[in-house]
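After this come two complexes, each holding subunit A, first together with subunit B and then together with subunit C.
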Partner chain A sequence: MANPLALYTHYVSISLRSQMQYRVSFLLGTLGQLFSTGVEFIGILALFDRFGSLNQWTLAEVAFFYGIVNVAFAVTDMLSRGFDHVGQLVRSGEFDRMLLRPRSTVLQLIGQEFTLKRLGRFLQGGAVLLWAALYLDIDWSPSVAALTVITVCCGACFFLGLFINIGTVSFWTTETLELMNVLTYGGIEASKYPLAIYRAWFRRFFTMVIPMGCVTYFPVVAILGRSDPLGTSLAFQYLAPLFGLFYFILSLFIWRIGLRHYRSTGS
Partner chain B sequence: MPHILVDNIVKTFRIAQRRPGLWGALHGVVRREYRTIKALDRVSFELEPGELVGYIGPNGAGKSTTVKVLSGILVPDSGRCEIDGRIPWRNRISNAANIGVVFGQRTQLWWDLPVIESFDLLRDIYRIENGDYLRARDELAVLMDLEPLYDVPVRQLSLGQRMRCDLAAALLHAPSVLFLDEPTIGLDAVSKLAVRDFIKRLNRDRGVTVVLTTHDMDDIEALCDRVMVIGHGRILSDSTLDDLRTRVTRERRLIIDLLDEGQAIEDPDVTFISRNGNRVHLQFDPDRVPTAALISRITAKYAIKDLFVENPPIEEIISRLYDEHELR
Partner chain C sequence: MQSFVLPYTAVLSARFRMILQYRAAAIAGFVTQIGWGAIRVMAMEAFYRSTSAPQPMHLEDVVTYIWLGQALLGLLPWNPDTEIRNMVRSGTVAYELVRPVNLYTYWFSRSMAFRLAPTFMRSIPLAILALLFFGMQAPASPEALLFWLAATVGAVLLSTALTVILSITLMWTIAGEGVSFLVSPVIYFLAGMVIPLPLFPDWAQRVLDILPFRGICDAPFRLYMGHIPATEAWEVLFHQVIWIVILVAFGAWLLSRATRRLVVQGG
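Here is the complex of A and B:
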């Protein structure tokens, strides 16, 4: 008898095997991810080479933000492909097939594809993070280490919540709206830099409406052991990642509303 | 408590109306106009365990909407519906574990996977105990000769092979009801017979309730005692095939092979339908003239090689029923 985790593992093993059938494609995809994210980071390096620092944030500190976000996002990216396809699944009628199965639709969508080539992003993010962690003089107390792990996990949950939102919107539009990418990819890009460098309205939007800042900026400030230019307390910085988890849970509720809409309209 | 209860189910859809042209498309973004369609209009029926029912109707009549409501995909506007005491849309997951659904036009197997791996995955999706799973799989494999197909990726299967695998896939979890949506569509004659034979045995030997949607009247004739006809979202007829026949038309066909080609048969009680060489198709009403009397009258008058009496084909019965309800 398979619990959700066992079923998920089964989905992953199938997805991996089918990706391994096209080994060259997988290798090129992974290398492509590695290079494209690598070039992105070289862009940051170039900027710092020219300007030295960014509002008192050093290159290594920004690299730490960048690494945390990329690692968390890479994890989400491996899991979330299914939610990008909701509109297509609805239009083709394949989504009905998911409703015919005695499993939650979210689990089936997460299981739809485990995108291994995102490993490229994961490795690149991990490398940058490692370099930043070694370069910076971080006090690796158990609580800081735990906070780092929690930040990555909650960050991944938060990003997954965003992709679930995109899938939910497709119940109404039956198209995957490019506009929504402003929130996901745009937001993810923005969160690779310290939140404090942005203007107030932008900061507010990405803390209170979409708690992107909570899951990356505040805890990383605590990990780096520096005072927050935005003036938050250490306790808040430790608790902030939980907003990512809340956002994920909230997005599951919104998903259910979308699902109810789909099941009552059939379109 | 019946096995399947459908009581006054109503389901309407709102379809966005689009005006023609670019201006119309822009208009649609700002303000949409909707047209309401009643897909199901107070549909009611009950099924007992082990029934094999044909569910027929023209395209867009509401057949698949009914199946979607029964399988918990769609929530109806009003009405009651239960399968083994479960309300499909409220207990979607437990209901899904109790039913099997096969769409002839779409596969539920994974396109790139070998058949056996699709089956293994379904074991985990449906939470089937491994022992039960292996028993069910081996049994189905024997019945439909599936073993040679186990290692073939689904995309390489022929339509007939795929349908056999899809039927098996829908039955691994031993559902008590099986919904079949056009299971013989596009199949060659041999595969059609194999699929029909399997459905019949499944129903007879295991008592699985089968609801069969099809446009192929041979399926209905070969399999179903009871036939429900739906049109414009309403059940137009729900009876045995024989009752449906007598209600729509009592007429019989008289088919005669004449000895000489030139002859024409004239009799006040028959109407001429068609002629093909020596073979003449006639129609008569056995209530107006007893069959035996008609035959002896005709054989006395004409030189006849052979003759037989037939029911009109089921297609014709159904098409008359559709005409009666102005379904075309």
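Here is the complex of A and C:
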């Protein structure tokens, strides 16, 4: 019996091979992803050209925020689009088959699709992040470097938690609700600028209800080595990414609850 | 007795839930767009707070621009007509060739419905909400309203002509969304959906003025708020008409090329 990791690698290799059957389609898809995130960044460039700064944040700083959120999201986006299909699987009754297999449903869903074309977002976000990191005078002490890696990892976990939540809702609605997109894509759209520029209700929502700011804002302030206009302490900024991890663990528990609630549609 | 009624109540409630599901999906899309618009508005507010220098657009105009964009989002040439896509993939597109109608005109009208129907559903309630609660302004004058309506007709025709071209390219690429992956983000950007076009640098304006995409969002929106005075409205409409003629001619030519080399997917 294969262990989970080997099984996952196997899933990924199948998925990759199937995507490589349509090489042109894959290339177009990757380039398309690169374009659609690329135009967003050109928009930011144009706004900075016009306005000079964004409430004391410079272009390079905003680029760093933009890079972190896009890299973290792209990782999850590549790994776990399977949760997008939960609604469809539940509706068609195919989810029953997943339950019969002697492996966890979460693993099977994560393995269902490794979406290589999302590499486009990863490359684009990564290039912007690299540029910002080189341009800014960041003091790359071991703790700052570690915090950067942890932030991206916890960010990816946070987004995975969000995808799992979207899938969980489907147990009740048998439909993948577009409503949840406002959290993922809306959150990313918002996170490309520092959270401090938004209104208070919005900041609170994305810190306390959905802790996106904990992975995309507070730790980045610490990495950039500047004081937070929201007045948080350095210790909090270092600990904040953990909330993204907690969110992920919590979403796994909610998934379990949903699984217990699940009743086959029988079709 | 109970078992006699049960199937009917079951089918009734199932049907009822299904309809509610669709409504839930519509509401979800609606909420997503409001969230998206609100994020964009807040970011622009922050940019306007950063400078006191005069800008080519007032903040209130930018806010109206963003909400008009959200309301009319569906009009943009996002993707090829999904029905045509399925026909090309399954090979049933061959039936289209034997119909005793002009194929281009036929596809044009079907693509127009494809663009218009979903937009109608969302745009009116969204615009009403934005007008009442989110700072969108009413049209600048009765003339502005009239010219905006006329330019919106032009925008629909432009967008439809582009949609048809995207659909026709599927006959070459067959799999996936074809070139629309690459082209759509660029059109989205050049139409003014990422940031309002007047905020781009001055050198870019000359290029944007020539391209057709301004006519899809930017020019009609600015007629609405009087940012383009009614006296210059004719120029906008003229620009649209020229591009509609060019894109329709190109689409018809492309279609005649495509049908000549069409290989029907057997099955």
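As a convention for this text, the second predicted complex is superposed on the first by the 261 of 267 C-alpha atoms of A that agree within 3 Å, B and C clash if a C-alpha of one lies under 4 Å from a C-alpha of the other, contacts with A are read in each partner's own complex, and residues count from 1 in each chain.
The rule we apply is simple: a contact is a pair of C-beta atoms (placed from the backbone, for glycine too) under 8 Å apart; a residue touches a chain by one contact, two chains touch by 3 or more.
Note that the coordinates shown come from a computational prediction; the quantities given were computed from them, not determined experimentally.
When the two structures are aligned on the shared chain, A:S18 is found in touch with subunit B, with no touch to subunit C.
By the touch criterion stated above, A:F253 is placed in contact with neither subunit B nor subunit C.
Once the two complexes are overlaid on the shared chain, A:W201 sits clear of subunit B and of subunit C alike. In the superposition on chain A, A:A6 makes contact with subunit B only, not with subunit C. The partner of subunit A that touches more of its residues, comparing subunit B with subunit C, is C.
Of the two partner chains placed by the overlay, only subunit B lies in contact with A:D96; subunit C stays clear of it. Judged by the touch definition given at the top, the superposed model places A:G43 against subunit C, while subunit B stays out of reach. Across the interface of their complex, subunit A is touched by residues 13-14, 65, 68, 71-75, 89, 92-94, 96-97, 101, 106, 108, 110, 112-113, 117, 120-121, 123-129 of subunit B. Taken together, the subunit A residues at the contact with subunit C in this complex read 22, 24-25, 28-29, 31-32, 35-36, 38-40, 42-43, 46-47, 49-56, 173-175, 177-182, 185-186, 189-190, 193, 197-199, 202. Considering their complex, residues 21, 24-25, 27-29, 31-32, 35-36, 38-40, 42-43, 46-51, 55, 173, 175-179, 181-182, 184-186, 188-189, 194-195, 199-201, 204 of subunit C touch subunit A. Of all the residues in subunit A, the ones that touch subunit B in their complex are 1-2, 6-7, 10-11, 14, 18, 21, 93-94, 96-97, 99-104, 260, 263-267.
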